[in-house]
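There are structures below to look over.
The same chain A turns up in both complexes below, where it pairs with chain B and then with chain C.
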Partner chain A sequence: MEGLIHQIISGIATGGIYASVALALVMIYQATHHINFAQGEMATFSTYITLLFINMGMPYWVAFFAAVAVSFAAGVAIERILIRPMANAPVLSAVGVFVGLLLIVNSLSGWFFDFTIKQFPTPFPDKPLFGGFISGHQLGSTGVTVAVLVAVYLFFRHTSLGLAMRAAALNPVSSRLVGVRVGWMLALGWGLAAAIGSVAGCMVAPIVFLDPNMMAGILLYAFAGALLGGIDSPLGAVLGGFAVGIIENLGGAYLVGTELKLTLALVIIVTVLTIKPSGLLGRTVLSRV
Partner chain B sequence: MRNSWLVAAFVAFATIYPTAVFSDYHLFQATMVLVYGVAILGMAILVGFNGQISLGHGAFYAIGAYTTAILMASWNVPYWVTIPISAVVCAGFGFLIGLPALRLAGHYLALTTFALAVAIPQILKHRWFEDWTGGVQGLVIDKPDAPFGLKLSSDQWLYLFTMFVAVLMYLFAWNLTRGRIGRAMRAIRDQATAAEAMGINLAMVKTRTFAVSAMYTGVAGSLGAIAVAFVAPDSFSVFLSITLFVGLCAGGAASIGGTLVGAVFIEFVPNLADKVSKAAPGAVYGVILIAMLFLMPVGAGGFLAGIWRKIVGQRAG
Partner chain C sequence: MPALLEAKGLHAAYGETKVLHGIDFTVEEGGVTALLGANGAGKTTTLRAICGMTRTQGSLTFAGQSILGRSTEDIVRLGVAHVPDGRGTFMELTVEENMRLGAYVRKDKAAVEADFERMFGYFPRLKERFRQQAGTLSGGEQQMLAISRALLLRPRLLLLDEPSFGLAPLIVKEIFGIMRRIRDEEKVSILLVEQNASLALAFAEDAYLLETGRIVVSGKAHEISKDESIRRSYLGY
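Then we have the complex of A and B:
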């Protein structure tokens, strides 16, 4: 029983990270109807930037927020330079651009920061809390993740910029008519997604260690989470991310063992897509022909 | 085709000249170009002609390679017998994966196949299959020698053998894509609803295209395993799938000749870029992939085909 509770709690902790990445994916999907295959590599690169700032002597939180800002700017720049021209291209070209971006960012990580596995510091006290059920880092990173999710929710619900971004994603033509600068809203969405990815990267790096391919598996779980919750529903993506975290931990502990954890993500993806492609909270898309 | 003698002459030249002149290492590289060509051809049939995007063909390549390696290592099956067996096995897997893919289009299919590609090394390493697959260490197989007492090195013989299989596969693909089924495949790609209204059985054509595509890439995997004489789970990581995808885009998705351009690209560009930095091949791939999509949306194959049509005065289409 104690083991079960332990597995669920660490499932929630990793699930929070999947939820953040899933939220970043959903933000880009909602705005552009593209799935960003490079999301994980972008987050890894942001984590390297954080480490670079820390090694330059900045305190952890200063480095953290500086890296978030850099990631935001990089996300906006990527959208403006690479994604904008592909807005009306066929799906194959769009997927190709994302794959190209994945390759470039991945090898830049390796090129600038080399391929050795690095330790990444955690700002939280590294001791077990509440009778050993949860480590300081798990509690802290879950707290940070939840804070990010709440902040994103408040931003979209209660600020006029958030409203404009939602409008641009939902109905670009009408939004443009009422004076929303749709292009910039999409770029801001990319920036936000990159910033959220950067937070997720910094929170997961102390657990899995930092190397250029750190996020490959995590991206897969985030895909699974986003699909489980519904790829066009931010709330669904968050819940799906937490659910996948718990499923992954319980499945790894009691069902398939750690060697097949990635296959579990594949099974979740295929199951969701074949049984309920719109996910738990997503809208069913009907198209007229 | 009016210029078929030209193609035949080119194939004859490409068969004889490297065998006679190239060193063993260069012959190995040429063999791998053919192997990648067949693998990318499998993707071209699916992605280019049928419009189903796959980022996971490395998985079929791995299944083909492992089928051959297991048959050769555990049951001493001759290498040339393993090729048709591996074709059947991979077509079966392709058909099975094609079934859920029926309900998925565009990004979702890309996502699912991407997940397959990420997961496949873990499955190959798993202890349930370890007795056959050799686990993390993989399997070592013997390079076949030339039969009938021919005075050829094993690399020379392998090149000839691979060339023979590749020519068969290309001929088959050429006829397939230009016949009734090929037209049905392209009709589904361009306008699925209209194709169905014309009486094309969408589900049947799509799943069978998936099976044929997986068969091609699987046969390439078998040939590759024989040429390299070694298989291990980590040679079939997600980057293999991405590499094949890059080759496809470089050559042009719906171009049969272009697959060879793509194969040459993925065989030689990493070697050149490796001299700059260990990380450079990825960056060069990425930059060239994006540049191709921006500047040459039809791929090098489509680009060259346009020039070819101008030279021989054939009309487009």
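Then we have the complex of A and C:
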């Protein structure tokens, strides 16, 4: 019983990471109807930037927020330079660009920061809490990811800019007619997604260690979470991310063992796509033909 | 007094397809101008050309400055509100959010709240449906929402694209009744596109008649509605 509770708590902690990345995926998907395959690699690169700042002598949290700001700017720049020209391109060309972006960012990580596995510090006390059920880092990182998710929710629900960003994604033509600068809203969306990825990367790196392929598996879990919750539903993606975190941990402990855990992500993806492609909270879009 | 909006030799095209072939028209400050014509005459395209939503050539001045080739967002910020064909509702958002978007570019947030109340004065049903998802509104309610969204910009020029489209005659009558109040109470000039010619001519002061991208008749609305040959050959009633 204790083992089960322990697994569920670990699942929630990693689920927070998946939820953040899933939310980043959904934000881009809602605006462009494409999956940003490079989301994970961008987050890894952001994590390296944080490490670079820390090694330059910055305190952890200063480096953390500086890297979030750099990631935001980089996300905006990527949208403006690479994605904007693809606005009217066929789906396959867009997929090509996203895969290319993945390879480029992955190689840049290795080129700048080399391919060896690095340790990444945690800002939280590294000792077991509450009778060993949860580690200091697990509790702290869950707190950070939940805070990010709540902040993103409040931003989109209760600010004029958040409303404009939602409107631009839902109905670009009408948005322009009320004066919303749709192009900039999409760029801001990319910036925000990159910033969220940066947080997720920094929170997961102390557990899985930092190397250029750090986020490859995490992106798969996050994608499974996003699909499970509904690829066009931000709330669904967040809940799906947490659910996948718990499923992964329980499955790994009692079902398939740690070596085959990643298969669970693929099983979830295939199951959702065959049984309920719109996900648990997603809308089924009907169109008359 | 110079006209609020003046088009001279206005051409518009979608890709290779030319729709407007050099039309001239004006919208007077404080007036209602109607743009009539059959399906495919270029009425909707004219409104889109004004808002920078098509490729355009010629000359287009709004309040003394050229708006030809400027972005839609910039033209809106100058005070041109557009109720597009199909109403342009943000279906997934609430009525409240739709209305807030209408006032998105305004900085005077306190006055926006007062304007909300004024809109409820015109369209009490929007107040009842305030927290409801806009996609659940009926066609007439969505038209009311679209007009409110446009007015919340506090525009100098209101472009209305077929407000009667797809609505029951009773609802059309109700909406045009309210539009008369809006015309008298708001400081806004209106360019109205309509297929329902008799309705539009009764509402407007000036009118233009479009046929396949060219203006074939222009003049005072009440004179056009009295001219039997125009009525027979173009307006069909």
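Everything that follows uses one rule, which is that the second predicted complex is superposed on the first by the 287 of 289 C-alpha atoms of A that agree within 3 Å, B and C clash if a C-alpha of one lies under 4 Å from a C-alpha of the other, contacts with A are read in each partner's own complex, and residues count from 1 in each chain.
Operating definition for what follows: a contact is a pair of C-beta atoms (placed from the backbone, for glycine too) under 8 Å apart; a residue touches a chain by one contact, two chains touch by 3 or more.
Here the structure is a predicted model, which means the values were calculated and not measured.
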Which partner, chain B or chain C, touches more chain A residues: B
Which of chain B and chain C A:Thr263 touches, first, second, both or neither: first
Which superposed partner A:Arg176 touches (first chain B, second chain C, both, neither): second
Touching partner for A:Gly96 - first (chain B), second (chain C), both, neither: first
First (chain B), second (chain C), both or neither touched by A:Leu273: first
Contacts of A:Ala167 with chain B and chain C, given as first, second, both or neither: second
Which of chain B and chain C A:Met56 touches, first, second, both or neither: neither
Residue ranges of chain A in contact with chain C within the complex: 160, 163-164, 166-167, 170-171, 173-182
Contact set on chain B toward chain A in their complex: 47, 51, 53, 55, 100, 103-104, 106-108, 110-112, 114-116, 118-119, 122-123, 125-127, 193, 238, 242, 245-246, 249, 253, 277-283, 285-287, 289-290, 293-294, 297
Touch list for chain C against partner chain A, complex: 51, 53, 71-73, 76-77, 81-82, 84, 88-93, 97, 100-102, 104-105, 149, 153
In the complex with chain B, residue positions of chain A that touch it: 33-35, 37, 82, 85-86, 89, 91-93, 95-97, 99-111, 115, 216-217, 220, 223-224, 227, 259-263, 265-266, 269-270, 273-274, 277, 289
